[in-house]
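Structure incoming, see below.
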(Lines give C-alpha, C1' and ligand atoms only; values in the text may rest on other atoms or scores of the structure.)
Protein backbone atom coordinates (compact mmCIF):
# COMPACT_ATOMS: atom_id res chain seq x y z
CA UNK A 1 0.00 0.00 0.00
CA UNK A 2 1.42 3.40 -0.97
CA UNK A 3 1.96 5.69 2.00
CA UNK A 4 1.02 9.02 0.49
CA UNK A 5 -1.09 11.98 1.52
CA UNK A 6 -2.66 12.10 -1.92
CA UNK A 7 -5.57 9.88 -2.89
CA UNK A 8 -8.26 10.09 -5.54
CA UNK A 9 -11.63 8.72 -4.61
CA UNK A 10 -14.82 8.15 -6.59
CA UNK A 11 -17.87 5.89 -6.86
CA UNK A 12 -17.96 3.07 -9.42
CA UNK A 13 -20.34 4.14 -12.18
CA UNK A 14 -23.08 1.97 -13.68
CA UNK A 15 -21.74 2.54 -17.20
CA UNK A 16 -18.44 0.95 -16.12
CA UNK A 17 -19.94 -2.47 -15.42
CA UNK A 18 -20.19 -5.40 -17.82
CA UNK A 19 -22.32 -8.52 -18.18
CA UNK A 20 -20.14 -10.35 -15.60
CA UNK A 21 -21.60 -7.90 -13.06
CA UNK A 22 -18.26 -6.24 -12.31
CA UNK A 23 -16.31 -3.24 -13.58
CA UNK A 24 -14.99 -3.99 -17.08
CA UNK A 25 -11.18 -4.21 -16.98
CA UNK A 26 -10.52 -1.31 -19.40
CA UNK A 27 -11.88 1.10 -16.80
CA UNK A 28 -8.89 0.56 -14.52
CA UNK A 29 -6.69 2.41 -17.02
CA UNK A 30 -9.25 5.24 -16.89
CA UNK A 31 -9.07 5.25 -13.09
CA UNK A 32 -5.27 5.46 -13.30
CA UNK A 33 -5.52 8.40 -15.71
CA UNK A 34 -8.04 10.24 -13.55
CA UNK A 35 -5.80 9.78 -10.50
CA UNK A 36 -2.75 11.03 -12.46
CA UNK A 37 -4.59 14.20 -13.46
CA UNK A 38 -5.93 14.71 -9.92
CA UNK A 39 -2.39 14.27 -8.58
CA UNK A 40 -1.04 16.92 -10.98
CA UNK A 41 -3.60 19.34 -9.58
CA UNK A 42 -3.04 18.30 -5.97
CA UNK A 43 0.74 18.66 -6.29
CA UNK A 44 0.54 22.11 -7.89
CA UNK A 45 2.00 20.74 -11.14
CA UNK A 46 -1.14 21.22 -13.24
CA UNK A 47 0.32 24.21 -15.10
CA UNK A 48 3.26 22.16 -16.38
CA UNK A 49 0.91 20.07 -18.53
CA UNK A 50 -1.86 20.28 -21.12
CA UNK A 51 -4.20 22.18 -21.36
CA UNK A 52 -2.15 24.81 -19.51
CA UNK A 53 0.82 24.27 -21.79
CA UNK A 54 1.60 21.99 -24.73
CA UNK A 55 3.20 19.13 -22.78
CA UNK A 56 1.24 15.91 -22.35
CA UNK A 57 2.08 12.63 -20.62
CA UNK A 58 1.91 10.19 -23.54
CA UNK A 59 1.54 6.56 -22.43
CA UNK A 60 4.44 4.31 -23.51
CA UNK A 61 3.23 1.21 -21.69
CA UNK A 62 0.85 0.07 -18.99
CA UNK A 63 0.27 -2.90 -16.74
CA UNK A 64 -2.73 -3.82 -14.64
CA UNK A 65 -2.97 -6.61 -12.05
CA UNK A 66 -6.46 -7.54 -10.89
CA UNK A 67 -6.56 -8.70 -7.26
CA UNK A 68 -10.31 -8.50 -7.00
CA UNK A 69 -13.32 -6.98 -8.68
CA UNK A 70 -15.51 -3.99 -7.97
CA UNK A 71 -19.17 -3.54 -8.65
CA UNK A 72 -21.75 -0.82 -9.11
CA UNK A 73 -22.38 0.55 -5.62
CA UNK A 74 -18.73 0.27 -4.57
CA UNK A 75 -16.57 3.29 -3.80
CA UNK A 76 -12.90 3.16 -4.75
CA UNK A 77 -9.74 5.00 -3.79
CA UNK A 78 -6.64 5.27 -5.97
CA UNK A 79 -3.20 5.94 -4.45
CA UNK A 80 -0.11 6.44 -6.57
CA UNK A 81 3.62 6.96 -6.52
CA UNK A 82 5.71 8.60 -9.23
CA UNK A 83 9.38 8.67 -10.21
CA UNK A 84 11.63 10.01 -12.97
CA UNK A 85 13.58 7.47 -15.07
CA UNK A 86 15.87 9.65 -17.24
CA UNK A 87 13.43 11.12 -19.80
CA UNK A 88 10.58 8.88 -18.73
CA UNK A 89 8.07 9.23 -15.91
CA UNK A 90 6.64 6.18 -14.15
CA UNK A 91 3.46 6.07 -12.10
CA UNK A 92 2.39 3.10 -9.98
CA UNK A 93 -1.11 2.76 -8.58
CA UNK A 94 -3.08 0.82 -6.01
CA UNK A 95 -6.87 0.76 -6.13
CA UNK A 96 -8.74 -0.18 -2.97
CA UNK A 97 -12.38 -0.30 -2.01
CA UNK A 98 -13.46 2.11 0.69
CA UNK A 99 -14.04 1.77 3.52
CA UNK A 100 -12.95 -1.92 3.54
CA UNK A 101 -9.43 -1.24 2.23
CA UNK A 102 -9.56 -4.39 0.08
CA UNK A 103 -7.12 -4.11 -2.83
CA UNK A 104 -8.85 -4.59 -6.19
CA UNK A 105 -6.07 -3.65 -8.61
CA UNK A 106 -2.45 -2.54 -8.89
CA UNK A 107 -0.69 -1.22 -11.93
CA UNK A 108 1.76 1.09 -13.57
CA UNK A 109 2.04 3.42 -16.53
CA UNK A 110 5.23 4.64 -18.17
CA UNK A 111 5.17 8.03 -19.87
CA UNK A 112 7.17 10.39 -21.98
CA UNK A 113 6.35 14.08 -22.30
CA UNK A 114 5.25 15.06 -25.80
CA UNK A 115 4.26 18.37 -27.39
CA UNK A 116 1.10 18.90 -29.45
CA UNK A 117 2.81 17.34 -32.50
CA UNK A 118 3.46 14.20 -30.36
CA UNK A 119 7.21 14.96 -30.44
CA UNK A 120 9.01 13.96 -27.22
CA UNK A 121 10.05 16.98 -25.14
CA UNK A 122 11.70 17.66 -21.81
CA UNK A 123 9.58 17.99 -18.68
CA UNK A 124 9.74 21.37 -16.93
CA UNK A 125 12.60 21.69 -14.45
CA UNK A 126 10.29 22.30 -11.48
CA UNK A 127 8.19 19.24 -12.37
CA UNK A 128 11.28 16.98 -12.42
CA UNK A 129 12.56 18.45 -9.16
CA UNK A 130 9.20 17.94 -7.53
CA UNK A 131 8.92 14.33 -8.66
CA UNK A 132 12.50 13.54 -7.61
CA UNK A 133 11.61 14.52 -4.04
CA UNK A 134 8.75 12.01 -3.87
CA UNK A 135 8.98 8.78 -1.89
CA UNK A 136 9.13 5.56 -3.95
CA UNK A 137 8.43 2.06 -2.62
CA UNK A 138 10.32 -0.56 -4.61
CA UNK A 139 8.04 -3.49 -3.93
CA UNK A 140 4.63 -2.40 -5.04
CA UNK A 141 3.87 -4.60 -8.07
CA UNK B 1 -37.47 0.18 -41.96
CA UNK B 2 -35.23 2.23 -44.22
CA UNK B 3 -35.11 0.96 -47.78
CA UNK B 4 -31.50 1.63 -48.64
CA UNK B 5 -28.70 -0.29 -50.29
CA UNK B 6 -26.30 0.81 -47.57
CA UNK B 7 -26.05 -0.95 -44.25
CA UNK B 8 -23.37 -1.19 -41.59
CA UNK B 9 -23.10 -4.47 -39.76
CA UNK B 10 -21.02 -5.61 -36.79
CA UNK B 11 -21.05 -7.94 -33.76
CA UNK B 12 -21.96 -6.65 -30.30
CA UNK B 13 -18.75 -6.46 -28.28
CA UNK B 14 -18.33 -7.76 -24.73
CA UNK B 15 -17.03 -4.36 -23.55
CA UNK B 16 -20.35 -2.79 -24.62
CA UNK B 17 -22.44 -4.77 -22.14
CA UNK B 18 -23.45 -3.71 -18.63
CA UNK B 19 -24.52 -5.40 -15.41
CA UNK B 20 -28.11 -5.71 -16.74
CA UNK B 21 -26.68 -8.18 -19.25
CA UNK B 22 -27.45 -6.01 -22.28
CA UNK B 23 -25.66 -3.38 -24.35
CA UNK B 24 -25.34 -0.18 -22.30
CA UNK B 25 -27.47 2.56 -23.87
CA UNK B 26 -24.59 4.97 -24.61
CA UNK B 27 -23.26 2.53 -27.20
CA UNK B 28 -26.16 3.17 -29.54
CA UNK B 29 -24.79 6.67 -30.20
CA UNK B 30 -21.45 5.00 -31.01
CA UNK B 31 -23.20 2.62 -33.42
CA UNK B 32 -24.89 5.61 -35.10
CA UNK B 33 -21.52 7.37 -35.48
CA UNK B 34 -19.83 4.27 -36.89
CA UNK B 35 -22.65 3.87 -39.43
CA UNK B 36 -22.40 7.58 -40.40
CA UNK B 37 -18.68 7.24 -41.06
CA UNK B 38 -19.17 3.97 -42.98
CA UNK B 39 -21.88 5.66 -45.07
CA UNK B 40 -19.55 8.56 -45.95
CA UNK B 41 -17.07 6.01 -47.28
CA UNK B 42 -19.73 3.92 -49.06
CA UNK B 43 -21.22 6.99 -50.75
CA UNK B 44 -17.86 8.27 -51.95
CA UNK B 45 -18.18 11.36 -49.72
CA UNK B 46 -15.31 10.48 -47.37
CA UNK B 47 -13.02 13.12 -48.85
CA UNK B 48 -15.45 15.92 -48.00
CA UNK B 49 -14.87 15.36 -44.27
CA UNK B 50 -12.18 15.01 -41.63
CA UNK B 51 -9.49 13.63 -41.71
CA UNK B 52 -9.35 14.25 -45.48
CA UNK B 53 -10.26 17.91 -45.02
CA UNK B 54 -11.04 20.16 -42.08
CA UNK B 55 -14.84 19.76 -42.08
CA UNK B 56 -16.42 17.62 -39.35
CA UNK B 57 -20.05 16.75 -38.62
CA UNK B 58 -20.50 18.26 -35.15
CA UNK B 59 -23.49 16.84 -33.26
CA UNK B 60 -26.15 19.46 -32.40
CA UNK B 61 -28.63 17.00 -30.91
CA UNK B 62 -29.48 13.33 -30.78
CA UNK B 63 -32.40 11.06 -29.93
CA UNK B 64 -32.49 7.35 -29.28
CA UNK B 65 -35.58 5.14 -28.90
CA UNK B 66 -35.00 1.68 -27.48
CA UNK B 67 -37.41 -0.94 -28.87
CA UNK B 68 -35.47 -3.87 -27.53
CA UNK B 69 -32.09 -4.83 -26.18
CA UNK B 70 -29.09 -6.58 -27.62
CA UNK B 71 -26.60 -8.80 -25.89
CA UNK B 72 -23.08 -10.11 -26.28
CA UNK B 73 -23.27 -12.72 -29.04
CA UNK B 74 -25.79 -10.72 -31.11
CA UNK B 75 -24.97 -9.30 -34.51
CA UNK B 76 -26.50 -5.94 -35.46
CA UNK B 77 -27.16 -4.02 -38.64
CA UNK B 78 -27.58 -0.26 -38.86
CA UNK B 79 -29.46 1.39 -41.73
CA UNK B 80 -29.73 5.13 -42.12
CA UNK B 81 -31.24 7.94 -44.14
CA UNK B 82 -29.90 11.47 -44.49
CA UNK B 83 -31.27 14.87 -45.53
CA UNK B 84 -30.20 18.51 -45.73
CA UNK B 85 -32.16 21.04 -43.63
CA UNK B 86 -30.72 24.41 -44.76
CA UNK B 87 -27.28 24.47 -43.09
CA UNK B 88 -27.98 21.37 -41.02
CA UNK B 89 -27.68 17.68 -41.87
CA UNK B 90 -30.00 15.13 -40.30
CA UNK B 91 -29.37 11.40 -40.09
CA UNK B 92 -31.96 8.87 -38.95
CA UNK B 93 -31.06 5.30 -38.02
CA UNK B 94 -32.66 1.91 -37.45
CA UNK B 95 -30.74 -0.83 -35.66
CA UNK B 96 -31.89 -4.40 -36.15
CA UNK B 97 -30.56 -7.76 -35.06
CA UNK B 98 -29.41 -10.08 -37.83
CA UNK B 99 -30.62 -12.42 -39.07
CA UNK B 100 -33.90 -12.04 -37.10
CA UNK B 101 -34.59 -8.48 -38.32
CA UNK B 102 -35.91 -7.51 -34.86
CA UNK B 103 -35.66 -3.74 -34.36
CA UNK B 104 -33.67 -2.87 -31.23
CA UNK B 105 -33.32 0.91 -31.60
CA UNK B 106 -34.20 3.90 -33.75
CA UNK B 107 -32.77 7.37 -33.53
CA UNK B 108 -31.59 10.55 -35.15
CA UNK B 109 -28.68 12.97 -34.99
CA UNK B 110 -28.66 16.57 -36.20
CA UNK B 111 -25.36 18.02 -37.37
CA UNK B 112 -23.68 21.17 -38.53
CA UNK B 113 -20.39 21.19 -40.42
CA UNK B 114 -17.57 22.80 -38.46
CA UNK B 115 -13.91 23.48 -39.23
CA UNK B 116 -11.02 22.58 -36.94
CA UNK B 117 -11.72 25.67 -34.81
CA UNK B 118 -15.30 24.38 -34.33
CA UNK B 119 -16.61 27.32 -36.44
CA UNK B 120 -19.68 26.41 -38.53
CA UNK B 121 -18.88 26.15 -42.23
CA UNK B 122 -20.67 25.25 -45.45
CA UNK B 123 -20.74 21.65 -46.64
CA UNK B 124 -19.09 21.02 -50.01
CA UNK B 125 -21.42 21.55 -52.98
CA UNK B 126 -21.07 17.93 -54.17
CA UNK B 127 -21.89 16.61 -50.69
CA UNK B 128 -25.10 18.67 -50.53
CA UNK B 129 -26.09 17.66 -54.04
CA UNK B 130 -25.49 14.01 -53.24
CA UNK B 131 -27.53 14.14 -50.04
CA UNK B 132 -30.39 16.01 -51.74
CA UNK B 133 -30.81 13.11 -54.16
CA UNK B 134 -31.28 10.57 -51.35
CA UNK B 135 -34.66 9.09 -50.50
CA UNK B 136 -36.20 10.19 -47.20
CA UNK B 137 -39.01 8.38 -45.38
CA UNK B 138 -41.07 10.80 -43.26
CA UNK B 139 -42.37 8.30 -40.78
CA UNK B 140 -39.36 6.63 -39.29
CA UNK B 141 -39.31 7.81 -35.66
CA UNK C 1 -32.11 26.38 -15.43
CA UNK C 2 -33.50 23.91 -12.93
CA UNK C 3 -34.01 25.38 -9.48
CA UNK C 4 -33.05 22.46 -7.30
CA UNK C 5 -30.93 21.92 -4.23
CA UNK C 6 -29.38 18.86 -5.80
CA UNK C 7 -26.50 19.06 -8.22
CA UNK C 8 -23.83 16.63 -9.33
CA UNK C 9 -20.45 18.11 -10.11
CA UNK C 10 -17.25 16.63 -11.56
CA UNK C 11 -14.23 17.48 -13.71
CA UNK C 12 -14.17 16.62 -17.41
CA UNK C 13 -11.80 13.66 -17.84
CA UNK C 14 -9.06 13.39 -20.46
CA UNK C 15 -10.44 10.05 -21.66
CA UNK C 16 -13.73 11.75 -22.51
CA UNK C 17 -12.25 14.04 -25.18
CA UNK C 18 -12.02 13.35 -28.91
CA UNK C 19 -9.90 14.53 -31.85
CA UNK C 20 -12.07 17.68 -32.15
CA UNK C 21 -10.59 18.71 -28.80
CA UNK C 22 -13.91 18.58 -26.97
CA UNK C 23 -15.87 16.02 -24.94
CA UNK C 24 -17.20 13.33 -27.28
CA UNK C 25 -21.01 13.54 -27.42
CA UNK C 26 -21.67 10.01 -26.05
CA UNK C 27 -20.31 11.10 -22.68
CA UNK C 28 -23.26 13.38 -22.02
CA UNK C 29 -25.48 10.30 -21.61
CA UNK C 30 -22.90 9.04 -19.08
CA UNK C 31 -23.05 12.37 -17.24
CA UNK C 32 -26.87 12.10 -17.13
CA UNK C 33 -26.63 8.56 -15.73
CA UNK C 34 -24.08 9.54 -13.09
CA UNK C 35 -26.31 12.45 -12.01
CA UNK C 36 -29.35 10.15 -11.86
CA UNK C 37 -27.52 7.73 -9.57
CA UNK C 38 -26.16 10.57 -7.40
CA UNK C 39 -29.69 11.97 -7.14
CA UNK C 40 -31.05 8.61 -5.95
CA UNK C 41 -28.48 8.65 -3.16
CA UNK C 42 -29.03 12.33 -2.33
CA UNK C 43 -32.81 11.87 -2.15
CA UNK C 44 -32.61 8.82 0.11
CA UNK C 45 -34.08 6.63 -2.66
CA UNK C 46 -30.97 4.53 -3.28
CA UNK C 47 -32.42 1.46 -1.54
CA UNK C 48 -35.38 1.35 -3.94
CA UNK C 49 -33.05 0.46 -6.84
CA UNK C 50 -30.29 -1.90 -7.92
CA UNK C 51 -27.95 -3.03 -6.38
CA UNK C 52 -29.97 -2.70 -3.16
CA UNK C 53 -32.95 -4.41 -4.75
CA UNK C 54 -33.75 -5.90 -8.15
CA UNK C 55 -35.37 -2.82 -9.71
CA UNK C 56 -33.40 -0.87 -12.31
CA UNK C 57 -34.26 2.22 -14.34
CA UNK C 58 -34.10 0.86 -17.91
CA UNK C 59 -33.75 3.59 -20.54
CA UNK C 60 -36.65 3.74 -23.01
CA UNK C 61 -35.44 6.82 -24.87
CA UNK C 62 -33.05 9.74 -24.58
CA UNK C 63 -32.47 13.15 -26.09
CA UNK C 64 -29.47 15.42 -25.89
CA UNK C 65 -29.22 19.04 -27.09
CA UNK C 66 -25.72 20.48 -27.34
CA UNK C 67 -25.60 24.22 -26.61
CA UNK C 68 -21.84 24.36 -26.33
CA UNK C 69 -18.84 22.14 -25.82
CA UNK C 70 -16.63 21.31 -22.87
CA UNK C 71 -12.96 20.48 -22.83
CA UNK C 72 -10.39 18.74 -20.68
CA UNK C 73 -9.73 21.13 -17.79
CA UNK C 74 -13.38 22.21 -17.51
CA UNK C 75 -15.52 21.43 -14.51
CA UNK C 76 -19.19 20.67 -15.04
CA UNK C 77 -22.35 20.63 -12.95
CA UNK C 78 -25.46 18.61 -13.75
CA UNK C 79 -28.88 19.60 -12.43
CA UNK C 80 -31.98 17.54 -12.99
CA UNK C 81 -35.72 17.32 -12.49
CA UNK C 82 -37.83 14.18 -12.35
CA UNK C 83 -41.50 13.29 -12.76
CA UNK C 84 -43.76 10.26 -12.91
CA UNK C 85 -45.74 9.65 -16.13
CA UNK C 86 -48.01 6.71 -15.25
CA UNK C 87 -45.60 3.74 -15.23
CA UNK C 88 -42.75 5.76 -16.68
CA UNK C 89 -40.22 8.04 -15.02
CA UNK C 90 -38.79 11.04 -16.87
CA UNK C 91 -35.59 12.87 -15.96
CA UNK C 92 -34.52 16.16 -17.53
CA UNK C 93 -30.99 17.53 -17.18
CA UNK C 94 -29.03 20.73 -17.66
CA UNK C 95 -25.25 20.64 -17.79
CA UNK C 96 -23.36 23.86 -17.10
CA UNK C 97 -19.72 24.74 -16.75
CA UNK C 98 -18.63 25.94 -13.33
CA UNK C 99 -18.01 28.58 -12.27
CA UNK C 100 -19.11 30.38 -15.49
CA UNK C 101 -22.63 28.92 -15.50
CA UNK C 102 -22.53 28.56 -19.31
CA UNK C 103 -24.99 25.87 -20.45
CA UNK C 104 -23.29 23.17 -22.50
CA UNK C 105 -26.08 20.61 -22.84
CA UNK C 106 -29.68 19.84 -21.98
CA UNK C 107 -31.46 16.55 -22.31
CA UNK C 108 -33.93 13.99 -21.05
CA UNK C 109 -34.21 10.29 -20.46
CA UNK C 110 -37.41 8.26 -20.16
CA UNK C 111 -37.36 5.14 -18.02
CA UNK C 112 -39.34 2.15 -16.94
CA UNK C 113 -38.53 0.08 -13.88
CA UNK C 114 -37.45 -3.47 -14.71
CA UNK C 115 -36.45 -6.45 -12.60
CA UNK C 116 -33.32 -8.56 -13.14
CA UNK C 117 -35.06 -10.43 -15.98
CA UNK C 118 -35.68 -7.04 -17.69
CA UNK C 119 -39.44 -7.47 -17.03
CA UNK C 120 -41.23 -4.14 -16.35
CA UNK C 121 -42.24 -3.79 -12.71
CA UNK C 122 -43.87 -1.20 -10.47
CA UNK C 123 -41.72 1.38 -8.69
CA UNK C 124 -41.88 1.29 -4.89
CA UNK C 125 -44.72 3.34 -3.40
CA UNK C 126 -42.38 5.62 -1.42
CA UNK C 127 -40.29 6.31 -4.57
CA UNK C 128 -43.38 7.37 -6.55
CA UNK C 129 -44.65 9.52 -3.67
CA UNK C 130 -41.27 11.18 -3.33
CA UNK C 131 -41.01 11.92 -7.06
CA UNK C 132 -44.58 13.23 -7.22
CA UNK C 133 -43.68 15.89 -4.65
CA UNK C 134 -40.80 17.25 -6.78
CA UNK C 135 -41.03 20.55 -8.65
CA UNK C 136 -41.21 20.27 -12.45
CA UNK C 137 -40.51 23.14 -14.86
CA UNK C 138 -42.44 22.67 -18.11
CA UNK C 139 -40.15 24.70 -20.35
CA UNK C 140 -36.73 23.15 -19.98
CA UNK C 141 -36.00 21.59 -23.38
CA UNK D 1 5.15 -10.47 -35.78
CA UNK D 2 2.93 -13.45 -35.04
CA UNK D 3 2.78 -15.97 -37.90
CA UNK D 4 -0.84 -17.04 -37.70
CA UNK D 5 -3.67 -17.54 -40.15
CA UNK D 6 -6.05 -15.71 -37.87
CA UNK D 7 -6.28 -11.95 -37.81
CA UNK D 8 -8.96 -9.52 -36.72
CA UNK D 9 -9.22 -6.33 -38.70
CA UNK D 10 -11.29 -3.16 -38.25
CA UNK D 11 -11.25 0.62 -38.85
CA UNK D 12 -10.31 3.00 -36.03
CA UNK D 13 -13.50 4.70 -34.88
CA UNK D 14 -13.93 8.44 -34.32
CA UNK D 15 -15.21 7.82 -30.76
CA UNK D 16 -11.89 6.14 -29.91
CA UNK D 17 -9.77 9.27 -30.46
CA UNK D 18 -8.75 11.81 -27.83
CA UNK D 19 -7.66 15.47 -27.77
CA UNK D 20 -4.09 14.42 -28.69
CA UNK D 21 -5.56 13.42 -32.06
CA UNK D 22 -4.78 9.72 -31.63
CA UNK D 23 -6.58 6.64 -30.31
CA UNK D 24 -6.88 6.89 -26.53
CA UNK D 25 -4.75 4.19 -24.92
CA UNK D 26 -7.61 2.38 -23.13
CA UNK D 27 -8.97 1.29 -26.50
CA UNK D 28 -6.06 -1.09 -27.09
CA UNK D 29 -7.43 -3.35 -24.35
CA UNK D 30 -10.78 -3.24 -26.18
CA UNK D 31 -9.03 -4.21 -29.43
CA UNK D 32 -7.37 -7.14 -27.63
CA UNK D 33 -10.73 -8.30 -26.28
CA UNK D 34 -12.44 -8.03 -29.66
CA UNK D 35 -9.64 -10.07 -31.24
CA UNK D 36 -9.88 -12.69 -28.47
CA UNK D 37 -13.61 -13.12 -29.08
CA UNK D 38 -13.13 -13.21 -32.87
CA UNK D 39 -10.43 -15.85 -32.40
CA UNK D 40 -12.76 -18.02 -30.29
CA UNK D 41 -15.25 -17.96 -33.16
CA UNK D 42 -12.60 -18.49 -35.84
CA UNK D 43 -11.11 -21.46 -33.97
CA UNK D 44 -14.47 -23.14 -33.42
CA UNK D 45 -14.14 -22.67 -29.64
CA UNK D 46 -17.00 -20.17 -29.27
CA UNK D 47 -19.31 -22.76 -27.64
CA UNK D 48 -16.85 -23.36 -24.81
CA UNK D 49 -17.43 -19.82 -23.50
CA UNK D 50 -20.11 -17.33 -22.50
CA UNK D 51 -22.79 -16.74 -23.74
CA UNK D 52 -22.93 -20.34 -25.02
CA UNK D 53 -22.02 -21.70 -21.62
CA UNK D 54 -21.20 -20.21 -18.21
CA UNK D 55 -17.40 -20.04 -18.59
CA UNK D 56 -15.82 -16.63 -19.14
CA UNK D 57 -12.19 -15.58 -19.57
CA UNK D 58 -11.72 -13.26 -16.57
CA UNK D 59 -8.72 -10.94 -16.92
CA UNK D 60 -6.06 -11.46 -14.23
CA UNK D 61 -3.56 -8.99 -15.67
CA UNK D 62 -2.74 -7.07 -18.83
CA UNK D 63 0.17 -5.25 -20.41
CA UNK D 64 0.26 -2.89 -23.36
CA UNK D 65 3.34 -1.51 -25.11
CA UNK D 66 2.77 1.42 -27.46
CA UNK D 67 5.17 1.45 -30.41
CA UNK D 68 3.23 4.06 -32.33
CA UNK D 69 -0.15 5.71 -32.49
CA UNK D 70 -3.17 5.30 -34.71
CA UNK D 71 -5.66 7.90 -35.81
CA UNK D 72 -9.18 8.20 -37.11
CA UNK D 73 -9.01 7.06 -40.74
CA UNK D 74 -6.50 4.29 -40.00
CA UNK D 75 -7.31 0.62 -40.40
CA UNK D 76 -5.79 -1.84 -37.94
CA UNK D 77 -5.14 -5.57 -37.79
CA UNK D 78 -4.72 -7.58 -34.59
CA UNK D 79 -2.83 -10.88 -34.56
CA UNK D 80 -2.56 -13.04 -31.48
CA UNK D 81 -1.04 -16.17 -30.01
CA UNK D 82 -2.39 -18.17 -27.08
CA UNK D 83 -1.01 -20.73 -24.63
CA UNK D 84 -2.06 -22.66 -21.53
CA UNK D 85 -0.11 -22.06 -18.31
CA UNK D 86 -1.51 -24.67 -15.90
CA UNK D 87 -4.93 -23.23 -15.01
CA UNK D 88 -4.26 -19.93 -16.72
CA UNK D 89 -4.58 -18.89 -20.36
CA UNK D 90 -2.26 -16.26 -21.85
CA UNK D 91 -2.89 -14.29 -25.01
CA UNK D 92 -0.30 -12.07 -26.69
CA UNK D 93 -1.22 -9.54 -29.37
CA UNK D 94 0.38 -7.41 -32.06
CA UNK D 95 -1.55 -4.52 -33.58
CA UNK D 96 -0.40 -3.22 -36.96
CA UNK D 97 -1.75 -0.63 -39.35
CA UNK D 98 -2.91 -1.93 -42.71
CA UNK D 99 -1.70 -1.88 -45.36
CA UNK D 100 1.57 -0.36 -44.09
CA UNK D 101 2.28 -3.15 -41.56
CA UNK D 102 3.61 -0.59 -39.06
CA UNK D 103 3.37 -1.99 -35.51
CA UNK D 104 1.40 0.33 -33.23
CA UNK D 105 1.05 -1.81 -30.11
CA UNK D 106 1.94 -5.13 -28.54
CA UNK D 107 0.53 -6.62 -25.40
CA UNK D 108 -0.68 -9.55 -23.40
CA UNK D 109 -3.55 -10.59 -21.19
CA UNK D 110 -3.57 -13.39 -18.63
CA UNK D 111 -6.86 -15.12 -17.88
CA UNK D 112 -8.54 -17.63 -15.69
CA UNK D 113 -11.82 -19.30 -16.56
CA UNK D 114 -14.65 -18.34 -14.19
CA UNK D 115 -18.29 -19.34 -13.94
CA UNK D 116 -21.18 -16.90 -13.63
CA UNK D 117 -20.47 -16.51 -9.90
CA UNK D 118 -16.89 -15.46 -10.81
CA UNK D 119 -15.59 -18.73 -9.27
CA UNK D 120 -12.54 -20.14 -11.07
CA UNK D 121 -13.35 -23.25 -13.08
CA UNK D 122 -11.58 -25.65 -15.43
CA UNK D 123 -11.55 -24.95 -19.15
CA UNK D 124 -13.19 -27.58 -21.35
CA UNK D 125 -10.89 -30.44 -22.34
CA UNK D 126 -11.23 -29.74 -26.07
CA UNK D 127 -10.41 -26.05 -25.55
CA UNK D 128 -7.20 -26.91 -23.66
CA UNK D 129 -6.22 -29.50 -26.26
CA UNK D 130 -6.83 -27.04 -29.06
CA UNK D 131 -4.79 -24.30 -27.40
CA UNK D 132 -1.94 -26.69 -26.58
CA UNK D 133 -1.53 -27.40 -30.29
CA UNK D 134 -1.02 -23.72 -31.16
CA UNK D 135 2.36 -22.28 -32.08
CA UNK D 136 3.92 -19.92 -29.54
CA UNK D 137 6.73 -17.45 -30.25
CA UNK D 138 8.76 -16.80 -27.11
CA UNK D 139 10.14 -13.41 -28.04
CA UNK D 140 7.11 -11.29 -28.81
CA UNK D 141 7.02 -8.69 -26.02
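A, B, C and D are the chain letters, set down in written order, and residue numbers restart from 1 in every chain.
Keep this in mind: a contact is a pair of C-beta atoms (placed from the backbone, for glycine too) under 8 Å apart; a residue touches a chain by one contact, two chains touch by 3 or more.
Keep in mind that this is a model prediction, so the values were computed, not measured.
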Inset, instruction - Identify the chains in contact with chain C as well as chain D, in label order. - result: A, B
Legend entry - Identified repeat of the C-D interface (over half of residue pairs identical), from A-D, B-C or A-B: A-B
Legend entry - Chain at maximum distance from chain D, centres defined as averaged CA atoms: C
Inset, instruction - Indicate the whole-number Å distance between the mean C-alpha point of chain A and the mean C-alpha point of chain D. - result: 24
Legend entry - Length of the line joining the C-alpha centres of chain B and chain D, rounded to whole Å: 28
Legend entry - chain B, residues touching no fewer than two other chains: 14-15, 19, 21-22, 26, 30, 33, 50, 71-72
Legend entry - Chain contact graph, described as a line, ring, star, complete graph or other shape: complete
Inset, instruction - Using the touch rule from the top, collect the residues of chain B that touch chain C in their complex. - result: 19-22, 25-27, 29-30, 33, 50, 56, 58-66, 69, 114, 116, 118
Inset, instruction - Write out the stretch or stretches of chain A touching chain B in their complex. - result: 14-15, 17-19, 21-22, 24, 26, 71-72
Inset, instruction - Sort out for me which residues of chain A touch chain C in the complex. - result: 11, 13-15, 30, 33-34, 37, 50-52, 71-73
